[in-house]
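These are the structures in question, set out in turn.
Two complexes, one shared chain (subunit A), two partners (subunit B, subunit C).
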Partner chain A sequence: MTDPHPASGALPLPPPGGRLVHVAATAPFNPHIEEALTETQKKVYLADQLTLMWWKFRRHRLALVSGLLLAALYAMILIAEFLAPYNYEQRHTGFIYRPPQAVHLFHEGRFLGPFTYATQYRLDMETMRRLYAEDTSRPVPLRFLCRGDSYRFWGLVKADIHLVCPGEGGTLFLLGTDRLGRDVLSRILIGARISLTIGLIGILVSFTLGIVIGGLAGYYGGLFDLLVQRAIEIVQSLPHIPIWLALASIMPPHWSPLLVYFAITLILGLMDWTGLARSVRSKLLSLREEDYVVAAQLMGAGTGRIVFRHLVPGFMSHLIASATITIPSMILGETALSFLGLGLRPPITSWGVMLNEAQNINVVALYPWLILPVVPVILVILAFNFLGDGLRDAADPYH
Partner chain B sequence: MLRYLFRRVLIMIPTLFVTSVLIFTVMKLPPSDYFETYVAEMQAQGEKADLGRVEFLRTEYGLDQPVHVQYFRWITGFFKGDFGYSFEYDLPVRDVVGERLGLTVLVSFCTIILTWVIAFPIGIYSATHQYSWGDYGLSFLGLLGIAIPHFLLALVTMYFANVWFGISIGGLMEPQYFNQPMSWEKFKSILAHLWIPVLIIGAGGTGAMIRKIRANLLDELRKQYVVTAKAKGLPPRRVLMKYPFRMSLNFFVSHIGDILPTIVSGAELTAVVLSLQTTGPLLIRALQSQDMFLAGSFLMFLALLTVIGVLISDVALTLLDPRIRLQGQATK
Partner chain C sequence: MTRLTRRLFGLGAAGLCLAGRATALRAAEPREAPALAARVKEGTLPPLAERLPAEPRIMPLAALRKMPGRHGGTLRMLMGDQRDIRFMTVYGYARLVTFDMAGDLVPDILARVEVEAGRVFTLHLRTGHKWSDGHPFTAEDFRYWWEDVATNARLNRSGPPMPLLVAGEPPEFAVLDATTVRYAWKTPNPMFLPALASAQPQVIAMPAHYMKRFHARHAEPAALAAEIKAAKVRDWGALHERKSRSYRPENPELPTLDPWVNRTHPPAERFVFERNPYFHRVDEQGRQLPYLDRVEMAITASNLIPAKVGAGEADLQARYLRFDNYTFLKEAAKRQGYRVLLWEQGNGAQVALKPNLNAADPVWRALFRDVRVRRALSLGINRKDINEAIFFGLGREAANAVLPESPFYDPAHEQAYARHDPAEANRLLDAAGLARRDLTGTRLLPDGRPALLTVDSSGESTEETDVLQLVAEDWAALGIRLFIRSSQRDVFRRRILAGQCVMSVWHGMDNAIPGPDNEPEDLAPTNFTQAEWPLWGLWAVSGGKEGEKPDLPAAWRLHQLHAAWRVSRTREERAAIWREMLAINAEEVFTIGIVNRTRQPVVVSNRLRNVPETAIFAFEPRAYLGAYLPDTFFYAEGGG
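Moving on to the complex of A and B:
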């Protein structure tokens, strides 16, 4: 009886009564064969932290959508001038307090493409109100990728290309105009640049302060910790809005709007770091007792290295999540300051500056479209909150 | 415990000292003072300012002396019950704050009660029905309360309150009752006006509170002792209320101290928009016109309340949760 491949799996059974063939496998023996992972399993079990976090984050639909929305908004502020139909400072003196205008597609049952109707203007001599009406006999088609108001792109390059402009002789005030006849939509788009970045820069300031101060306090403990805790208590004992006010009123009036902008982010950040420092401190208080810290100490690592290389990365994701949730308070802080007239000053515009002009009860009654900047404010704050929620859940992928 | 309290109170002294120096510095930082602005304004209006009186007030309140002497005068005044003089109102600070303080406490107190009454049931419901439609809807409402700037909500509410209910715009009572002794009519007028500010100021606080209660309760509900309790057959209400809810209150107690200062200062911006006769607008006006004693003394008062509030929080926390040690020493 000869078998050319004795070790190859199923051997024919010997005839009844015959001897079983002795077989020894020639392939090398692998004792871990049962523990080996398939490709799909490998993907899950050996995924690194970031991948796990991403998977967890992806499941939080609302957070994902919010993240995309915010990404789109931040991308938008890069080309805000191009997207805005008008230059945000352009005054249209013939169209003061013009209500929002609709874009139509059909004129007298005929498809015309997007167009607006020309405006008829009348002054009500009794109430002295400006009355606008659509002249439905004169459709004015919109133009796309067209030349319109000139602007300085990023304040540097002169250009006049817009994504969309009104047709010749027509207007395109999708969200109406303000008391100087400036297009509200264009101002919202340009104002986004300030309103959206102010939170980011502010959080950068408070983040740096919070991590460094809180980190050292939590690690060293003792006297330094005591001092820092008192400092935090002091800063927190000062009511925010009055201190913002007091600091904002110190700013010399001759400062350029840009300098004022940075000063305000600094003010917002300086008042905000305490919460972060506290959470860093309490985390470190428990983490510094871990064995790997002792190991690092025994190997002669310095404090800075232990804190910032070994300890802080351990809960960085939590910090980022909590920072995301505090950005909205900074955006609201800016609107609050601007609302009181102590924030940014024209010609710089932000959502807060625009709302400042809407603080009159008459506006609510007569020109309600001037409150529209509040819509992006609400959207952004909601989005940051959802994003922060998602990040917080994802920060701890094993939970 | 007593020793701890004693130590904490001792520590409050340097804290308050530094705070007072900070506040004083901030008050002194603007390059001009109230009188310079005042004289300039008068001149701009073509009127002559009474320079003699300005000079008299300056000397009277030591504004011509070196800064540290001014600081010393201001701070020692506190111990004698003298909080300085408001130049704008031409009255001692104590009298200016007068009735406003009472009204502020009333508004804040109602707001806080409203916040709790709404936030606790909703927070508990959201946590126990996580990811249900009710949870999503209520959480969204709460978030909306946080996201809308209060001053704007105030404006819009004020408008509709006037259109629909005919309530006079702004204020906490009909104007003629302010600074009048309490009467039945005045009381009714206050009640009719009170609900708007309470609702508006409460909106944001309620939203934030719901989120915190939900998050904290969820953390507790995930723990194993809850599973054990359920496995042993405890009725659902007890499984919720006996331990998880109590533990999730820790955060609440640790923030209870923050309430003290907010009761007195109120929501400044909303108050400005609604022109409430509370302390918030007073403080903001004082800061804008550099009425330094009024602003400074009030800020100092708030700081004192905060420090006391933190102490109350810490003590309450130990009473609630015996695991928290007060004398915890750093091991390093």
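Moving on to the complex of A and C:
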């Protein structure tokens, strides 16, 4: 094979110890001079990185489904107030601890469209239990794109349009109500907004810190690396729960729920970057010894270019994997914090807050539907893990 | 002689005559508890007649609407903390004198009490009464406590305890004979007997024969040094304190007069209390009480207790059960063979809001000192909604006031500012200088800040937070935004005293079924733990050395009335003081009661008898279960 790029003898070498000039030939280079590719072959062999990743990813069915599910969930939280049949704070004193209610289509053999039956309420004075029964003589058709409880869309715009509302005099508690008679489904939907985004924002913080600090430590080594390592050890040795306790207690109670929410994501992010920084550093330590890095250095590339153009793609798959594992751990972190009563506080709601309210024997024994927020938590975490699995495989398409 | 004296005297005399009849019965048929019969036969325990006092206290079971029982059986209870073994002292409720159901003082361990002019108290012991180790219980035990403990500089640095001081003056103590002691003050001391009858009693007698071993004045120095070393404590004072602790019976060797005696050294997961073979009460047939041989107290996580009770792990349980557990407990009742009784809470309010009149924030402090603001906040609460939503409508929508069982009950006090009247509330707030509002409708404080009111809670019950959430909705209609801050009990107390907390949530007055003999301590500034006026309370309790002098006329009047109660001579005088104090509290709304008489579930094994179906569950003056005489509870035929 003849060399298409004969070494240019025209450039003089710098004096020993001097800086090399960054040289890359500008002339077009065709590696397929010898053997031309067919169109089909071209499509495969010359496919770019993203296409290859997509092909690989597509073959991982579970990851694909998980990805779609997550996309749907994240799309949903944009319009959660609209999707929720009730305002999540609305109490229904007459329907406390009402079990999930079924939607019917046929009434006495006749198709009515979706409807619910009116509820009969009876207090069992013997066991102090509120008993609800369907009044099967009174179907109440559901209304769609209707006016219901008013809410502030995104906390800003006042509105009262819902995707679905109960008919006049009827109710629509698809997942039951809690101890104050609030609709569990509406609360799960609104709570998703907090629970799902807390992971993303938290990971943004922890990734920024982790990659920048870990990357610099790994690439430069030396004193900086030493300081960063010791700092990481200190941060990692801090016990999490007492720190959360301390941080939660210094948050003033009159902070708006939104501010509390950001503070919590910040706390989660600040506690979480160390692991990532460590792995980024060790990856960099090994990768920076690779020949192509030496080549890039010889070609005169700067630190930023080497780290972000040559090194980071080298462990992209690793980053993706740890991101997709960190998001669920952030979600779980928020859930755990709120479950312990350290995180978000009512009236703001998240899945963790809901589970916190459900942690007693009464709920397990009598009102099991209040544990339902566990279902989305499990689904989201599984989905993230499958998605991460697929993405990691896809990020390394030749493997 | 006062009416109280005559009453005590009369009962004492009745006791004597009943004792005579019981002795005859006992002679006819020995009523030894089977659990002790073997030990008597072996000769390790004297026979019953020698163990009982010459005149035991005979419990008139029929008059108490109880059945005569049978001996035997183990009662299982659950507790959330090792320190909860103190509840055995509370439930046992054996005191020198006790409160009866009518709120009157009756002698129990004592045979009789004579009171002269409300200031000279002569206590007559039962002849032949013995400690749980068989050693006689005599005047020497009172002398030991007074001379070697209460007035000992090492053991009580600040001198004798409060109930024994009148205006700082200790009593003149005298031993009249082996079974008679006398405490004489220069002026009346209405605190003395109620303190002895309290659920957490004032100790005035200690088993001298046992405790002398740990006392520097009596013990041999070498032996004492060895004991101090073995117990790993600093000095003999700490050793004495530890060994003598009777309210929390941690020392199984300590002789006691209670119905059951702890047999387990802490730390332990399970404490066993065995019957006191020398207990001084008998039933009308001459059976020595208690009927139950043993009480087992298992220690577990408090939040697991409802679940464990539902799994049938307790025979008698009230503590750590909450009203919202009722449905769950009831569902398991048939399967586990217990019944769930609903007793009534005996505090003035199950949930009460306490505006801090000593708050550090000057603006809120000034506002809360304005009675219009306190009344408005009370009127702004929709108590009916809260009662329905959280208490099944079973509670009573009421201010923090006494219950109908008390002779001082007045429906007008109970309903004072307890109706829901947002219009009137808004008018009062406008008049109180809160008329300005911001864009969202929140009122502005006089200094321009929005009216954001943070309510501190001890974070111990979700019930409180639920109620607060509903109150928050009600107060939003008044233009006041409520935020909840949950902390932990110690932090909560500290924040209150430091004035950091503007308003807190707690329960209402502890004793809402008071008689004139109960000290009206909840109604006046008397203690720094009072969240509505911690600094005034500190001032009162420190004798004016710390805290602040109450400078609100109504609070000062309460302080004076409380002081007057403490030097009162007659019951009538005390009753009049109580009435005036209750009227002031109702009118001034120092605490905002929301709902009272809510229910307390009490789980009782189906085989357990003599537990009242309905009763008031209160620490004071009922000692929770104590006043209902757990020593008379027994297992019906068919096991034990």
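The rule we apply is simple: the second predicted complex is superposed on the first by the 341 of 399 C-alpha atoms of A that agree within 3 Å, B and C clash if a C-alpha of one lies under 4 Å from a C-alpha of the other, contacts with A are read in each partner's own complex, and residues count from 1 in each chain.
Everything below uses one rule, namely that contacts are C-beta pairs under 8 Å (C-beta built on N, C-alpha and C of every residue); 3 or more make two chains touch, one makes a residue touch a chain.
What you see is a predicted model, and the numbers here were worked out from it, not measured in a lab.
A.B. asks: Overlaying on subunit A: subunit B and subunit C, fit or clash?
C.D. replies: clash
A.B. asks: Name the contact category of A:L366: first (subunit B only), second (subunit C only), both, or neither.
C.D. replies: In the superposition, A:L366 contacts subunit C only.
A.B. asks: Output check: A:I96 vs subunit B and subunit C. Expected answer is one of first, second, both, neither. What do you get?
C.D. replies: Once the two structures are laid over each other on A, A:I96 reaches subunit C alone.
A.B. asks: Which of the two partners, first being subunit B and second being subunit C, lies in contact with A:S249: first, second, both, or neither?
C.D. replies: both
A.B. asks: Looking at the overlay, does A:L68 come into contact with subunit B only (first), subunit C only (second), both, or neither?
C.D. replies: neither
A.B. asks: Touch check for A:V374: first (subunit B), second (subunit C), both, or neither?
C.D. replies: first
A.B. asks: Name the contact category of A:F339: first (subunit B only), second (subunit C only), both, or neither.
C.D. replies: It touches subunit B, and subunit C stays clear.
A.B. asks: Of the two partner chains, subunit B (first) and subunit C (second), which one does A:I241 touch, if any: first, second, both, or neither?
C.D. replies: After superposing on A, A:I241 lies in contact with subunit B but is clear of subunit C.
A.B. asks: Just to be sure I read the superposition right, which of the two partners does A:I79 touch: subunit B = first, subunit C = second, or both, or neither?
C.D. replies: neither
A.B. asks: With the two complexes overlaid, spot the stretch of subunit C among 328-336, 472-480, 490-498 or 616-624 whose C-alpha atoms clash with subunit B.
C.D. replies: Given the superposition on chain A, subunit C and subunit B clash at 490-498.
A.B. asks: Counting contacts the way the document defines them, which residues of subunit A are shared by the two interfaces, the one with subunit B and the one with subunit C?
C.D. replies: 249, 361, 365
A.B. asks: List the residues on subunit C that touch subunit A in their complex, please.
C.D. replies: Interface residues on the subunit C side: 303-304, 306-307, 310, 324-328, 330-331, 385, 388-389, 392, 452, 454, 459, 462, 465-466, 469-470, 473, 483-487.
A.B. asks: If you look only at subunit B, which of its residues touch subunit A in the complex?
C.D. replies: Going through subunit B, the ones touching subunit A are 11, 14-15, 18-19, 22-23, 26-27, 29-31, 143-144, 146-149, 151-152, 155-156, 158-159, 169, 261, 265, 268-269, 272-273, 283-284, 287-288, 290, 295, 299, 302-303, 306-307, 310, 330-332.
A.B. asks: Applying the document's contact rule, which stretches of subunit A touch subunit C when the two form their complex?
C.D. replies: Residues 91, 93, 96, 123, 126-129, 179-181, 249, 253-254, 341, 345-347, 357, 360-362, 365-366.
A.B. asks: Within their complex, state which residues of subunit A touch subunit B.
C.D. replies: The contact residues of subunit A facing subunit B are 219-222, 225, 230, 233-234, 236-239, 241-243, 245-247, 249-250, 252, 288-289, 328, 332, 335-336, 339-340, 342, 355, 358-359, 361, 364-365, 371, 374, 377-378, 381-382, 385.
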